[in-house]
Amino acid sequence: MIGVAVVGYGYWGPNLVRNFCEVPGARLVSVCDQRKERLAAVQTRYPAVSVTDDYNGVLADPNVHAVAIATPVSSHFRLAMSALMAGKHVLVEKPMTATVEEGRQLVAEAARRNLVLGVDHTFIHTGAVRKMRDLVADGLGEMYYYDSVRVNLGLFQHDVSVLWDLAVHDLSIMDYVLPARPVAVSATGVSHVVGEPENIAYLNLFFESNLIAHIHVNWLAPVKVRRTLIGGSSKMIVYDDIEPSEKIKVYDRGITLNGNPQKNGEKVYQMLVGYRTGDMWAPQLDTTEALGLELRQFIDCIGSGTAPYADGNAGLRVVRILEAASQSLAQRGRVIELEQTRWVA
Amino acid sequence: MIGVAVVGYGYWGPNLVRNFCEVPGARLVSVCDQRKERLAAVQTRYPAVSVTDDYNGVLADPNVHAVAIATPVSSHFRLAMSALMAGKHVLVEKPMTATVEEGRQLVAEAARRNLVLGVDHTFIHTGAVRKMRDLVADGLGEMYYYDSVRVNLGLFQHDVSVLWDLAVHDLSIMDYVLPARPVAVSATGVSHVVGEPENIAYLNLFFESNLIAHIHVNWLAPVKVRRTLIGGSSKMIVYDDIEPSEKIKVYDRGITLNGNPQKNGEKVYQMLVGYRTGDMWAPQLDTTEALGLELRQFIDCIGSGTAPYADGNAGLRVVRILEAASQSLAQRGRVIELEQTRWVA
Amino acid sequence: MIGVAVVGYGYWGPNLVRNFCEVPGARLVSVCDQRKERLAAVQTRYPAVSVTDDYNGVLADPNVHAVAIATPVSSHFRLAMSALMAGKHVLVEKPMTATVEEGRQLVAEAARRNLVLGVDHTFIHTGAVRKMRDLVADGLGEMYYYDSVRVNLGLFQHDVSVLWDLAVHDLSIMDYVLPARPVAVSATGVSHVVGEPENIAYLNLFFESNLIAHIHVNWLAPVKVRRTLIGGSSKMIVYDDIEPSEKIKVYDRGITLNGNPQKNGEKVYQMLVGYRTGDMWAPQLDTTEALGLELRQFIDCIGSGTAPYADGNAGLRVVRILEAASQSLAQRGRVIELEQTRWVA
Amino acid sequence: MIGVAVVGYGYWGPNLVRNFCEVPGARLVSVCDQRKERLAAVQTRYPAVSVTDDYNGVLADPNVHAVAIATPVSSHFRLAMSALMAGKHVLVEKPMTATVEEGRQLVAEAARRNLVLGVDHTFIHTGAVRKMRDLVADGLGEMYYYDSVRVNLGLFQHDVSVLWDLAVHDLSIMDYVLPARPVAVSATGVSHVVGEPENIAYLNLFFESNLIAHIHVNWLAPVKVRRTLIGGSSKMIVYDDIEPSEKIKVYDRGITLNGNPQKNGEKVYQMLVGYRTGDMWAPQLDTTEALGLELRQFIDCIGSGTAPYADGNAGLRVVRILEAASQSLAQRGRVIELEQTRWVA
C-alpha cells in the first residue's frame, strides 16, 4: 500500500482526495491545508483521513510515501522540492512550476533520488485525448497545423495570466499528442484590467517542419469554446470537448499533390492541388474519469519504478513554452527560440 | 438610367449581372470577358445584354456610365484606372488592388474626376453585419477584443495567399463595424504546398487603446467555421454566419470593475473584478440579399454624388492592412506599424 | 430539526442523502435498504448516519419525522402508506404510485392526518422549468401546443414501460407549467423485446381548448434529445435540456389573425393569417441544484403546514394520465377520457 | 428530343423550368399559366420558350411529348388525366392527387396507354435519402422505428392541411427507403385558426412487423426541425436535413438479445438485454441537385419505357396514407386499416 498525502484542499484538492480513495494500492493518509474550515470539510466527508496544517509533519510521517500538491503555482517548487528531499514521490498540479529553473531543479532532484515526479496533466488521460494520440500515431499524412481555442467567461486569476491558467491545458495535450516538439514561440495578449495579468492571449508555436500550432485563450468570452483542429495532408481531426458524446471527429479530407509540377516551363500549379473530401467518423471513446486513471498510473509507477506519461520532463517542456510565451507577449510577439536540451527530449 | 457594364464573368460576375438586372435606375448594357464560352453563357441567359471581349470598346460606349470589375486582383488597378480615366464610375471586386500604391492612385483619380469609386465589400450589406455595426455604435462598454475565425476546405488560390482571399472579408467587416482603426499589425502563416502562397494565417491587429483584434484564416480546415466574437466590458456579440437564422447573439455579460483597489496598502484585486452574466438576445435580421442592397447604394451614390459605405478609402484601408500583414508574415510576425494618413481616415 | 430517513439507496437514494445533509432544518437520521453492501456504502461515506434494513424500526423511531422513499414503483404505495400511518411526512419518488387507486388512498390518508405528502418531481425545481412556468403565466397568447421529445439509448426497465420511466418527467413538468389540465389521452407504442414493456411510445393529450400536447419517449434512440416546444399565438418557447447554458429560448414569433374574415360572401382567409417573426431571447437561469431546492421546500412545508409544489394531488394527476395512457396504448391509441374530479383540481 | 411543357409557373414551376433547360434529351417547348404576369416572367428569362394560357393548345401541340404539372393539388387530376388522354407522358407535383380514387384512375389510364406517369417526390433523389435507402437495404438488423419531425414557421395553406403539405415529404421518403409498407394509420391534429385546415398533426403508421413509424408536422413551430431517426436492432440512422454537410449519421448502436431467457423458472430478462454503443459514421453524400436528377430520370424513362422511382403507384401509396390519415384525424386518431391491393404493391 502506497500512503498518500494531499496538500491543498481548495478547488482541485477534493477531486484528488475523492479519486485517491478509490485507487487500488493507494491509501489516503492525510490532507494538509492551512485553512481550518477546509480541514473541517475533509473531516466531515472522510473521517478516517487525518487532517493537518503542518506540512513538515506530513513529510516526517513514514506512512506517507507520496505527496500530491494542489496549491497555487507559486508554492509548487518549495513544497515539491521539500517533499522530494524528504524522499517522497511527488505529483504536482499543473503548471509544474512558475519558472523553468525551478522545474529543472525538481527534475534533477527526482532523478538523483530515483523518485517518481508526476505532473497532473489531467486531460491527457481522457478518452478523447488518448484517442487523438493514437490517431496521430497512426498517421494523418504530413502534419500541417494544430489549432486550439479555449475561451469562456472564466474567473480572473490574480497571480498568473490566462496563458498559465488555460493554455497550459493545450500545451500539455499537444505535448502528449504530437510527436514533434516546437522550436520557437511567439505570443500576443492584453490585460483589460489595470494591474491584472493578461486575460486574452494568442500563442504561435513553430516547428522544424512546416507544422504550425496556434492557441487562443480568453477569460472574457461570452460563450464556452473548447475546440482543437489537427490538420494533416490525408486526415484531419476535430476535438470538441463541449460535445456531450462525439468529442472526436476524424475527417477523411485533405489535399493531394500530384502530377507534373512543370510543363514546358509554365506553372501548372492548378493541376497539382487536388481536393479530397470523404466520410467523417466519430470513434467511440472511453469515458472513464481521467483523474482516476492518472492517479492509478502514478501509483503503479511508484511500484514499478517507471515514469508516468506526464513526468517531470513533460511538465518542464510545458513550463518552458509558457515562460518563453510570457517573454514574447511582453515584447508584442517577438519570436523566442526554445533551447533544445537533452533533459526535455 | 445609369448604364452599367460588368467586366469578368467568372465566379462572381454572374451575381453582379443577376443583381444589376433588378436595381432600379440601372440598366445592364454589356458584359465583357475574354473567354468566348463565358460570353455565350451570358447571351443564353440575358439575350438583351450585349457581350464583348473588347474592354476598350466598353469604355468608349457612351451608354456605359459605370463599370463593375470582377476579374483577378492583379488586373484590378489597370482596369479600374482606365475606366476612371474614361470618366466611368467604378465598382471593384475586393481586395480593391494588389498594393497600397495602386489603391492610392485609384482613390486620387476618382477624387480628381468626381467619380464614384466603390469596393465590393459585400458582407457589410448583410443584415447581420449592419446589426453588429448598430450594436457597436450603441455601445458595448469599453472595447476589449475582436476575434474572427474563417476556415474551411477551400480552393487554393494560386495568385494570392489566404490572407488576401479570406481575411479580406474580416478586415472589411471590421472596418465597417469598429469605430477605431488599427495602428499596427503582425501575422504568421505557412504554405503547406511548395511554390504556393500561404494557406493558413493568423493576424493580430493592435489599436491605440487596449482593444486587440485577431483573425484566423485557413483553406485546409475539415469543417467550416465563420465566427466572430466582439467583447466589450458591458456586452459581447457572437456573429456566427453558419447559423441559419440566429446569426447574431448579444450577451449581457462581462466584468464590472468596482470597489476600492487599495485597502490599507494590500492588493484587493479579487474584490474588484466582478462577473456579470445575464440574458442572451438574438435580434431578428433583415434577410435582403446583400449584393442587391450594395448595388442599389452604388447606383444611388452615382445619382447623388455621395460615397458608398465601402468607398475607395475603405478599400484602401483594407489593402493597407493586407500589405502590412504580408510583410509581417514574411518576417515571422514582426510588428508592422500602419502609417496613419489623412486619406484613409 | 426535522429528522429524515431515506429508504432505498440505489440509483437515486444517494442524491437524496447527499442533499438532505445540506438542507437547513433537516437532520438525516437513518438510511434503510435491504442490501447490506448498499448500507456499507452509506456508512463509509456518512459515518454519522445510522443504517438499517428494518423499515419498521425506521417508522418506530421517534427521531424520524419524515421518510423519503426511493425504491421501485411497485413498493411506493406500501412503504408510503405505512409511513403515513406511522405519522411520518412522506416524500415519494416519481411516479408516486403504480395505480390511481393507490395514489388516491395516499392523498386521502395524508389529508386525514395533516401530513405533508410530496412527490419528487425534481425537474420542476430547475431554473429552466421555473422560468418556463413564469413565461407561460405571463402569457404566450392563446395556447396552441406543448410538444416534448425525450429519447436516448437508455436502460430497459423491466417493471415499467418507457411511459412510466420517461414520460413521467414530461407530465410532471407539463402539470407544473400549464394552467390547463388535459381531459383525454391516447397513446401508441411498441415493445421490441419479447416479454418486456414498451420501449417507445407516443402520447397525445387533449384539452378543452384547442391546445394539444404530445410526448415522444424512446429508450432506443441513438442520440439524446430533450426538447420541448410550447407554442402560443404570440410567443413560443423552446426548452432544450441538452444545451449547456441557453436551455430556454423565447421566440417572439407566431401568427396574427386580423381583417375581415368574410367579404361579400367569399372566403378571404389568406388575408387573415399574418406571420410575425421577431427576436429570440434566452433568459439567464438559476443554476441551483433542483433537488436541493426541492428538499428545502419539503422541509419548509413540514414546518409551515403548507403543500409543496408537487404534492400528492400533483403526483396523482400524473399517475392518472400514465394509467390512462397505458390503457390506450394497449388498445392501439383509443382515446381515454380523464375523469375530472375535485381531488385532482 | 423529348418536348416538354411545364404547367403552372408559381412557387415550384420555375425550378422545373430551370432544370428542364439542362436535361440532356429534353427540350422545354412551352410554359402554361393563367396569370399573364407569370408568363411575362418566363418570357424575360427564357425568350426561346413559348408561353400560353391555353392548356388545350399545349395538349394539341405535337412537339410536346410530356407535361409537368405544378399547379394546386385540386387541379392535378383534371390536368393530368387530360394530358394522358392526349397521349402525353406526365410528371405531377406531389401529392399526386387529392383522393385515392383520382390517383387510381390516373395510374390505370397511364398503364392502358403505356405512358410514363411520374410524381415529383423530389427528396428521394437527394444524396441523403439515396444513401439512407442503401443503408437500410444493407440492413440495420430488425427494423424498430421510423420517426420524423418536420416543423417550422411555415405558410398556412388554405386548401390542404399540414399533412398534405408537409407529411407528404416524409411519406414519400419513407416509401422509398423502407422495404415494408404500412398496414394501418392513425393521426391526431388541430387547426388553430377557425375555418382553416389543421396546422399541426401527428401521424402513426403500423406495420405487420413490430416496426412503428411516426411523423410530426407543424406549420407553427418557432424553429426549423427536419430530423428523421431510423432505429434497427444493430444500427441506427439520424438524417438531419438542416445540417449543412453531415446530413446522415450512422450509429453502430443498439441492443443485443442473448442468453437464456428462463433460468429455473424465474424471469431473468435483465441478463438478456445488452447495450451496444459504438462508433458513429457520416458518409460523404452526393450533392447533385435532386430535381435535376429526377428530371433526367423522367426523360430517360420516356425513352426506355421504364418506370421512374416515384411512379404513379408510389404517388398513389402516399395519397392512400394521406387520405386515411385525414379520416383518422377527423375521428381523434381512430386507427384506419389500409387496404392492401395489387396496384400499390
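For reference, chains read A, B, C and D in written order, and residue numbers begin at 1 within each chain.
Operating definition for what follows: contacts are C-beta pairs under 8 Å (C-beta built on N, C-alpha and C of every residue); 3 or more make two chains touch, one makes a residue touch a chain.
Just so it is clear, the structure is predicted and the values come from calculations on it, not from any experiment.
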Query: Which chains are in contact with both chain C and chain D?
result: A, B
Pair joined by the larger number of C-beta contacts - A-C, A-B: A-B
Field: Chain whose mean Cα position lies farthest from chain A
entry: D
Query: In whole angstrom, how far does the Cα centroid of chain A sit from the Cα centroid of chain C?
result: 42
- request: Determine the centre-to-centre distance between chain A and chain D, using the mean Cα coordinates as centres, and give it in whole Å.
  value: 53
Statement: Distance between the CA centroids of chain A and chain B (whole Å) is 38
- line: Each of the following residues of chain B touches two or more other chains, namely 277, 280
- prompt: Where on chain C does chain A make contact in their complex?
  reply: 45, 47, 223-224, 242, 244-245
Message: List the residues on chain C that touch chain B in their complex, please.
response: 246, 252, 277-284
Touching residues (chain side chain D, partner chain C) in the complex: 142, 144-145, 147, 149, 151, 153, 155-156, 158, 186, 188-196, 200, 202, 204, 206, 210, 212, 214, 216, 218, 220-223, 229, 231, 233, 236-238, 249, 251, 253-255, 257, 261, 267, 269-270, 272-273, 275, 277, 280, 332-333, 335
